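Listed after this line are the structures, all set down as structure tokens.
The two complexes that follow have subunit A in common; it is paired with subunit B in the first and with subunit C in the second.
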Partner chain A sequence: MPDNGLLVQMILGALLGLSVYLPMAAGQLSLATPAFYAVGGTLAALMATHADHQGTISLGAVLWEMVVAGALTAALATLVGLPVLRLRGIYLAIATIALVEIVRVAILNLPFTGGATGIFGIPQPFHHPLGYITLSGGLLALCGWAFQRLETSRLGRAMAAIRDDELATRCMGINTTRVKLSAFVASAVLAGVTGVIAAHYLNTWNARQGSFDVAITTLAFVILGGSRSWLGPVIGGLLLTALPELLRPVGDLRLVLFGLVILLGPVFFPQGLITPALLEKLGRWKLRRLKP
Partner chain B sequence: MLRSGGLNTGSSDLLSARRRGSVRLAGAVAVAITGLAVLGRNSDPAGKPLPAAVTLGAAIALTGNANLYGQDQRVGLELAQRWFASTPHPRPVRLELEDGASDEPSAIAAFNLLIGRGVIALIGPTLSQQAFAADPIAQRQGVPVVAPSNTAQGIPQIGSFISRVSAQSSVIAPLSLDEALERDPQISRVAVFFAQDDAYSTAETAIFQKALAERGLTPVSVQRTQLADNDFQNPITAALQQKPQLVVISAQAVDGGNLIRQLRELGYRGQIVVGNGLNTPNIYPICQRWCDGVLIAQAYSPDLNTPINQTFRRLFQDANGNRTPGQITAQAWTAYQVLFEALQRLQKRGEMDGVTLGEARRRLMQEVLAGHYDTPLGPIHFRADGEVVQGRFYVAEVTMEANGRHGSFRLVRSFDVDSDAGGPTP
Partner chain C sequence: MSAALLQILLNGAASGGVYALVALGYTLIFSVLGVINFAQGALFSLGGYLTFLLMGGRIGVNGALPGWHLPVALPFWMALLLAAIGAGVVALLVERVAFAPLRRRGADPLLSLITSLGAGVVLVNLLQILMGAEGYAFPAGAAALEGLPEALLIGGARIRTVQVVLLLISAGAVAALTVWLERSRTGQAMRAVAEDPTAARLMGIHSGAIVRLAFLLSGMLAGLGGGLIGLSVSLAGPYFGISFGLKGLAVLVLGGLGSVPGAIAGGLLMGLAEALIPSAASGWRDALAFAVLFAVLVLRPSGLLGRRLQEKV
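Take a look at the complex of A and B:
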């Protein structure tokens, strides 16, 4: 049974999974999520520790940090996205890995981000993990609603069209650059806002939080969960974050088992756990049972 | 595969089924999360009465890049647990060991898990960066923490329930420089290496560089490395061009061990002083015969001739062949000993009877800070803020056997520190 602290980490994992999924829904393999996550977290850590909060901080101040982090990451993503999104496939992935590394080294070396120790003593908006569950769960619910709407919206259909065939989409008069950039910026904002919550939850923030490892972990959320529906990364993020903790009774072998799951997951579920076919089945399920 | 935006009736039916499926699955996920949140509200064990056998929880790095330290700590904790359980004492104590891994979220998860299981106090986590994440959680819930290996500045200041038995590197690190300078007073050219992405190493190199400046030495070369580096040819070549007579390294065991080896392989013959990150026998297999002659300041010496250290050394050797224990193992033992002895003192005075777990935790913390302890590290006690006050420190030289596989930290000199405020005197 996961405790509430683990549940917070699971929800944060799901949010990061969604952030990786967004560019992917427009056919772009971007691994930039940890860079924006780190920017959001660092910003929150700086804002919260510079004002004198005496160990606690109001929810309003955290929400304000989320707004500022969203704006900053959106601006950064626009700046970076315009040149970087000219690349495709593995080249885009490599460019975004470089971005992650640049942000990490910058945070490590900037005079005001605390070097390798990072920033500690970040004040808490909640005294109990339940508060974090409400905040991050609310954000996840909001994202779920937005993603569900997105699928039938003009932008969502354009993203799906680019994913299927970018050239054909452009021939139909859709501004593919703008669509791809929108997905990239939205992904960055989501990662930045998640970083704000994570910084408060972790009590401390340092350059290690936004490393290449995080890029791979969050990519695994999408690969194992499924990249054809927004529910895939959500369920992938929830499960893969919880698994190492739930496997604790196994003892020293737990990470071996965790590795096996990541290895065997794509073998048995090549499209991920959540496939369009599964969703269709779920959608029809009740109807069939009601028929005489 | 269905293309989005299909307009015929069949595909629109399929699309709406898929959307309906999404909504249902999302609903199920939401219900599951809410259910878990309600069920997982940890019924805080602090209000329950203290059980007959109290449990100490240890969250140390058994996986990740800090596991070299964590494995040493596990040995120390398990030896201490077995030894103290075999001595007569009024209250039985159990030890629960959990993997705190090498990152912050895992340390938090391990702390939460152990606190939820009703441990009376915590030992850990292994890294200072993890302590900044996990210690505030223990502090908020009023659970005493004794850190066996956190040496960064500001750890005991996290809160009133946080203490440590690992002395700050600012006290220890400069001692090894003095030894090197005494061996060769002509030293004027010093090269400094440090792992710039490691909190401990960056803090320690600042102390080393300050100590060098106080001794009138300006580094001729300062090289930054990364924890994950394996190949140090570039920084070493750059440093060796400056013809250093002394190299000072602040790094962790794996990267530091490789760095020493490559320094020697590339022709450096001068003295090497290393920091606390390399303070583990686990460096022997990494730098092998090239470890020989490395100077290191330590908070522990296996050669300390006190009954408790002799016992510790004997138990360690019985369990691990003829190897000698390192500082990390001794500090882990000490963390356990401090909590164990404080608990037994409280029990003898009857202050553990009929109290809740929360109250027992509070009393234990006060007792830990109030006591004096005769440990393998030597006599120690605590300042009111939880900082350890240790009387004696050591400088050791790594001595490798001819086969290059086994070695030991040979005591070169010990320093008595006057008090917690005073500086070290040889």
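Take a look at the complex of A and C:
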């Protein structure tokens, strides 16, 4: 059974998975999530350590940081998204990797972000992991509700249509640029807000938190969990965050095994763990239980 | 031209040559398959470590077998060549495990991005288990350069001999590959597969073999780059190839995906641009490649020498 601390990390993983999933649901392979995650985390670390909190911080202040981080990442994502979202497929993926690297080097070199060691002693709003579980779990539940609603909304259907055929969608009179940008901005905001929680939970923040490795891992959450419904990235994020910890007994081999999972997962489960067929089966099973 | 500027340009060209090697490796695979092999950076690391081991280098205290070394101590040139071949063979293995099963099934090319990343993670961490995370420096006089001075004076500019060697080897490899692609029958077959896989198969070209050849060559280029950087700088831990892999990606886009001259020009341009950054701002050097990449993608997505993309409906 995972301990409470691991549970927080698993939930944060699920949130990041959802952040990668959002643009993908509109057919856009963006790996920008770690960049916005790093921006959110750095912002929280700066705001929390500059005000004098004597080691603790009120929940209200953390929520305010989340609002500011959300606004900042939304602005940033709009600015970056407008030119970048004209790119397709592998080009968009490479452009967003570039963004991740630029943000990482910037955080490493800016005079006020603590260089390679980063920012220490970020005050804690909770004295027990249970508080973090409630906060991040609450956010995850909220996201689950929002994603479920999204699937039947106008925007969600437009995203699915773009994923299937962007040109046809545009011909139907849908402003595809706006839909793609909405998905990109929402993904950035979710990553930024998750970064705020992570910075407080980890107590320290540095440039490594948003590196290319994170882009790989979060993408793996979606691919292995399944990219056809929002449940996929959630399950993928929870499982794959727990996996390296569960593999701790094998010591140095755990990262090799983690790599093998990423390598062989798409070969054996091309649609991920949560497939449309599985969801349909689940739906029929629920229907049967409701109507005996 | 002032000596100082010439010195900067020569150093820039030397590192640019290595970037071109990495980018050419991506280009070969991208042109025949339309996918990017993200294990390229790990193969770069592998090449560096293989060269070190084949030269008789000892594994450090944090490795799996501290103090162990290969019973041979080859001269640098031979070690480099064998390491490149070794990296090429591992690239074939990567193709077998990470690319071939997906291609057979006609899966989304996006998936091979993940599987090749996974292959890279496995390789780098195996290296880490074997060799430990510490850095390794090649023994002094490794490249049989004892007869030569530490640095050469070219037109008043002082440049380390190693850098000149680096430039010459990468230029030689790039030139050989270009001529081979242009002139040889197999090179023509490879270009035919890159142009139109279906038509190439109808012409009797064994496209599977061509794909494997592309992986072999691409792995060899990465391994060569890793060995050269190991000689000129050092092996800074098993992850050192990853940053070269990422920069190679930037070069690839700068030159235009799938364009051989573009990859070479892009590599040189990137090396020169990095060398021109003053040392006071050297922390930002790593961002330059990606800032350039970002700008190129936004302004001219087909790259400097790439073909314009045309979408057919």
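The rule we apply is simple: the second predicted complex is superposed on the first by the 281 of 292 C-alpha atoms of A that agree within 3 Å, B and C clash if a C-alpha of one lies under 4 Å from a C-alpha of the other, contacts with A are read in each partner's own complex, and residues count from 1 in each chain.
Note that contacts are C-beta pairs under 8 Å (C-beta built on N, C-alpha and C of every residue); 3 or more make two chains touch, one makes a residue touch a chain.
Quantities reported herein were computed from a predicted structural model and do not represent experimental measurements.
Asker: Putting subunit B and subunit C onto subunit A via the overlay, clash or fit?
Answerer: Once both complexes are aligned on subunit A, subunit B and subunit C clash.
Asker: Looking at A:Gly283 after the superposition, I want to know if it touches subunit B, subunit C, both of them or none. Which is it: first, second, both, neither?
Answerer: After superposing on A, A:Gly283 lies in contact with subunit B but is clear of subunit C.
Asker: Taking the superposition on A as described, I'd like to know which of subunit B and subunit C A:Ala160 touches: first, second, both or neither.
Answerer: Touch status of A:Ala160: first partner only.
Asker: Between subunit B (first) and subunit C (second), which, if any, makes contact with A:Leu108: first, second, both or neither?
Answerer: Touch partners of A:Leu108: subunit B and subunit C.
Asker: May I ask you to decide whether A:Leu255 touches subunit B, subunit C, both, or neither, giving the answer as first, second, both or neither?
Answerer: both
Asker: Examine A:Ala75 and indicate which partner it touches, taking first as subunit B and second as subunit C; both and neither are also allowed.
Answerer: Neither subunit B nor subunit C is touched by A:Ala75.
Asker: Residues of subunit A touched by subunit B versus by subunit C: which partner has the larger set?
Answerer: The partner making contact with more of subunit A's residues is B.
Asker: A:Leu238 contacts which: subunit B (first), subunit C (second), both, neither?
Answerer: first
Asker: If we overlay the two complexes on their shared chain A, which of subunit B and subunit C does A:Val67 touch? Say first, second, both or neither.
Answerer: Touch partners of A:Val67: none, neither subunit B nor subunit C.
Asker: If we overlay the two complexes on their shared chain A, which of subunit B and subunit C does A:Leu29 touch? Say first, second, both or neither.
Answerer: Only subunit C; A:Leu29 stays clear of subunit B.
Asker: After superposition on the shared chain, which partner residues are touched by A:Val84: those of subunit B (first), subunit C (second), both, or neither?
Answerer: second
Asker: Please report the subunit A residues shared by its interface with subunit B and its interface with subunit C.
Answerer: After superposing on chain A, subunit A residues 108-109, 252, 255 contact both subunit B and subunit C.
Asker: Quick one: which bits of subunit C touch subunit A in the complex? Just the residue numbers, please.
Answerer: Its residues touching subunit A are 35-36, 97-98, 101-102, 105, 107, 109-111, 113-115, 117-123, 125-126, 128-129, 242, 246, 249-250, 253, 257, 283-284, 286-287, 289-291, 293-294, 297-298, 301, 313.
Asker: For the complex, which residues does subunit A have touching subunit C?
Answerer: It comes out as residues 29, 83-84, 86-87, 89-91, 93-95, 97-99, 101-102, 105-106, 108-109, 167, 212, 216, 219-220, 223, 252-253, 255-256, 258-267, 270.
Asker: Give the list of subunit B residues in touch with subunit A in this complex.
Answerer: 1-5, 14, 16-26, 29-30, 33-34, 36-37, 39-42, 62-63, 98-99, 103-106, 108-109, 112-113, 116, 128-129, 132-137, 140, 152, 154, 158, 196-199, 201-203
Asker: Quick one: which bits of subunit A touch subunit B in the complex? Just the residue numbers, please.
Answerer: Touching subunit B: residues 1-7, 9, 11, 108-109, 115-118, 120-121, 124, 127, 129-130, 133, 137, 140-141, 144, 148, 151-152, 156-157, 160-161, 164, 202-204, 206-209, 229-231, 234-235, 238, 244-245, 248, 252, 254-255, 274, 276, 278-285 of subunit A.
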